[in-house]
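Here come two complexes built around chain A, the first alongside chain B, the second alongside chain C.
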Partner chain A sequence: MATSTVEPSTYIAPPPAEETYYEAHEPTILGGGFILAVFAVWELYPAIFGLSKGMKLFFATPSDIIAALYSLLILNEKLPMVGTIWQHFNASTGTFLFGLGLSIIVALPLGVVLGRSQTVDAMFDPFITAFNATPRLVFLPIVLIWFGVGFWTVIAIVFLGAVFPLLINTYAGVKNADKLLINVVRSFGANEWQINKLVVLPNSLPFIIAGLRLAIGRAILGVVVAEFFGGTEFGLGVIMVQASQSYRVDILFAVLIIFMVVSLLITAAVKQIENRLSRWRPAKIKTF
Partner chain B sequence: MSSYISAENINLTFRPKNREAVTALSEFNIDIEQGQFVSIVGPSGCGKSTFLNVLLGLIPPNTGVMSVNGRTVTGPGTDRAMVFQEFGLLPWRTVAHNVELGLELQGVAKGPRRETCQGFIKMVGLTGFENHYPHELSGGMKQRVGLARALASDPDVLLMDEPFAALDAQTRDIMQAELLRIWHEAKKTVLFVTHQIEEAVYLSDHVIVMTKRPGRTKKLVPIDLPRPRDYEMRVSPRFNELKLEIWNELKDELSVGGDEDSGHA
Partner chain C sequence: MNAWIYEKRRLLLGVAAVILFFLVWEVIFSGLVKLNPLFMSKPSLIWSGFMYDLKSGKVLFELMVSVRPFLFGFIAAVVVGIVVGTFMGWRQKVGYALDPLMTALYASPLVAVAPLVIIIFGVGVPGKTFLIFVLSVFPFIFNTYAGVKAVDQLLVNVVRSMGGNDKDIYFKVIVPSVLPYIIAGGRYAIGRALVGILVGEFYAASAGIGYMIAFYGDMYAIDRMFAYILIMMVIAVAFTEGIRWAERAAFPWRVGM
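Here is the complex of A and B:
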């Protein structure tokens, strides 16, 4: 590229062009418009082109799905399977929170200890590396044998999914903690517990939050997978399996949308927490 | 032994993983009486910060004995506090909260803690910045927070690692005067590392000149200027004689680039 040599004194900036409404909102308009278009085609396709009898069985239009959502969520109607959607939703939420909570309780302290103590690190490292490299579903049959069909198997699957990203990120964050700052608080008399509280944890917070995000995704995945196979009576995953077996595509999509919305809400909540906890950081590195 | 701070034959070699070992201190000796103001000058990388860290109790020496007030140093203690060369402020704490660190760890209640620290924040000229975070401060301001933090914890021995290096000349003069006042009033023992010979002479009872790495005490220069010191003293003939004496000791140790090829163990 040629370097332009415009003298600052003679250079006159062109007047800023008036942004049109479209230019200012282009991404929103394009994104929103495209979604609407997709929904329109989806809705109108069967009406215009018709569907074969076989296809009809596997198809649900957006209006079918909205109707299903309305009757399930608002009217709280009984499902063709067992219970209402809210009962299943609550069961899944409970599993999610319990499994994730358990993984946080285990991963945070363990990550700090591993990061701070070279002895413990050396002892546990091979296990963690091996477990983390193994796809979590491989554990499912073992977990099923050990915990039997039901609640604890589901919890174990969620826990196994969530604990490693959190553990590994906490560990990385702790390892990364600023040596100078640790020495500073030590010099003012801090013990190991205070060092962790005053320096190590705040210092590794960006890592922990990133790990938490991953862990949440894995936990949701764990809830669904475990409910597919785990043999509990209630849970959104259970409905999905049953809806798919009875060709209730509208219910299938309704549950899928519930998952999407919940995941988006959780992501937004984590972002909020992160912003609140990182007020002290210069704005430009706030988005970790 | 009557001396208050004493280092006896301290040897310290850093052995970083996958890198060559570096001997920072070799047969290092020092004797300082209580209440003295002692400056340390020496080439960059000669082990000044390392020695302060040994005295602070952060790095145990390989051999030799470090003691303060008759007790062997085995770790940090509230009798010593350091103004760190790289500031070492906790970035997630406000100025006020940073200054409170020492008292907080000593278990002082929030009310009195706030009050004491407010005084030191005022002293270093940072009133109005109590609720700022370190990333919102200039280098000189950060250094003053570090100074206030060390003073607030009220140590008997104050270790200062180039504490005024990031300050502009005027603020430096003011801080020097404040430091002398505090030292005189609170009867502290001060160890002050600096690269400025003039600053060392102006503040100190003794100036220690260190050799290049591995650092040893090369010469102890007593500063026989009367106290209280004032600004005019800096142009007195005796002041300049002392400066020259220290410079002559120091200049043989300064070899550009020579830091890398000496002292490897």
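Here is the complex of A and C:
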């Protein structure tokens, strides 16, 4: 009874949300719309204005590319070169994972050592700076001579690309570890191994993940470029070179789109992990 | 003296490590291990190979071949990147419209378009220029975008209250706050541009530093290949560390961005 006697007039409703649907979603609409517009122009340009004979060789409309993607990925048709796209995809994935794994195995322990020892750090610093500044692609010819044409050359290039961001970020993370915490653990009688396990590694994990994100980008780049020149039989990079040499621009773009999607997906996934792991941190972690 | 050594400890250790590295490399292949010149080289041979090509003028010639497309592509990337980035930061709607497409392009391995670029633009300067442009424009776009968005509105208002005109706002607030972002972008762009020139020259070229590395590799002239690899490394380090140094000198309040 008492509840129903509240005067409705004393209650002032908040003003209705004035934001329209468009205003609420403006970034998405404009961003998506622009991409659609680009594709529309790309698709319609040859139909409206026509192309010269020479240009036709280099041109594939989005519908051609989607058709190529459909027949290659879904119907699993044989490529005009060799094998199916999935065989090449698996070959590239294999080299990517192998090279990345190798770089993780090397970079993490080395990064911890560099971060914990000032002398070793000072001695390695010039080499790391030099190798990190130089595009690792420069070593491709010598890697080809040392490892021979094929699988191991591609692995070596992927490894060289991925190892430095991981190394540098692990090192930065280890150096950033709280000195106070290290001293506390040491006062309680921890040895070097326990200090690393209890304080240093948990502290540097967000850095390492950020390094991993960079390393994945570099590794994908490494796979593409190494397969251009590395002389393996299978691999998406191999397909791209052969497609461009036989003027199959639709296949070229299809493979490029596969690369784009894969690298966006992996990067987004690692970014999620990164956000989750650094959620408890008060300040934003500075990544390399 | 001791204090000086302690202060410069890092630098001394680094220099010592580099010298030690080359010494050990030289010693190992001078006596301990038999050098197979088709497979490996040693610093003294690399040096004489380098001097040979330097005296004949080859090093300078190949450098010039690579520098031209590099300059064209990089300057185009700076201009286009700054203009597009400024528009994106200045007009919110332009920023919304371009951001997803640019992010997708920036995150994808664009070097994969190299074969297509080369069949369209050919083997010479235009192909390499375009490749370098495509690879190095995105760091400029995104950093200018971020820089323009980060301009402190308060500072703009202060200058206006003090009776400053548009020129004052531009030169006293906007340029000084955006410039560090652009230069930081330049540091990333340099690395990508060097990848562009290498891919362009490995893939299809008849001259240039990258081509010489591949060429001497094919010839099994390991000493000279190493010489050109080291030239490339020195250039890359000089660029990135030079920009880093310029950043510290010009914008000491922004170190580490």
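By our rule, the second predicted complex is superposed on the first by the 258 of 288 C-alpha atoms of A that agree within 3 Å, B and C clash if a C-alpha of one lies under 4 Å from a C-alpha of the other, contacts with A are read in each partner's own complex, and residues count from 1 in each chain.
One rule holds for everything that comes next: a contact is a pair of C-beta atoms (placed from the backbone, for glycine too) under 8 Å apart; a residue touches a chain by one contact, two chains touch by 3 or more.
Quantities reported herein were computed from a predicted structural model and do not represent experimental measurements.
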| item | value |
| --- | --- |
| Superposed partners chain B and chain C on chain A - clash or fit | fit |
| First (chain B), second (chain C), both or neither touched by A:V163 | neither |
| Partner chain(s) touched by A:I128 [first = chain B, second = chain C, both, neither] | neither |
| Partner chain(s) touched by A:V199 [first = chain B, second = chain C, both, neither] | first |
| Larger contact residue set on chain A - chain B or chain C | C |
| First (chain B), second (chain C), both or neither touched by A:V112 | neither |
| Partner chain(s) touched by A:G33 [first = chain B, second = chain C, both, neither] | second |
| Superposed arrangement (fit on chain A Cα atoms) - minimum chain B/chain C Cα distance in Å | 7 |
| Chain C to chain A touching residues, read off their complex | 9-10, 13-18, 21, 38-39, 93, 96-101, 104, 107-109, 111-116, 118-120, 191, 194-195, 198-199, 202-203, 210, 213-214, 216-218, 220, 222, 225-226, 229, 232-233, 236-237, 239-241, 256 |
| Touch list for chain A against partner chain B, complex | 180-181, 183-190, 194, 198-199, 202, 279-282 |
| Complex contact set, residues of chain A against chain C | 26-27, 30-35, 38, 58, 118-119, 122-127, 129-131, 133-135, 137-142, 144-146, 217, 220-221, 224-225, 228-229, 237, 240-241, 243-245, 247, 249, 252, 255-256, 259-260, 263-264, 267, 286 |
| Chain B - residues contacting chain A, complex | 53, 56-58, 76-78, 80-82, 84, 86, 88, 90-94, 101-102, 105-106, 133, 135, 153 |
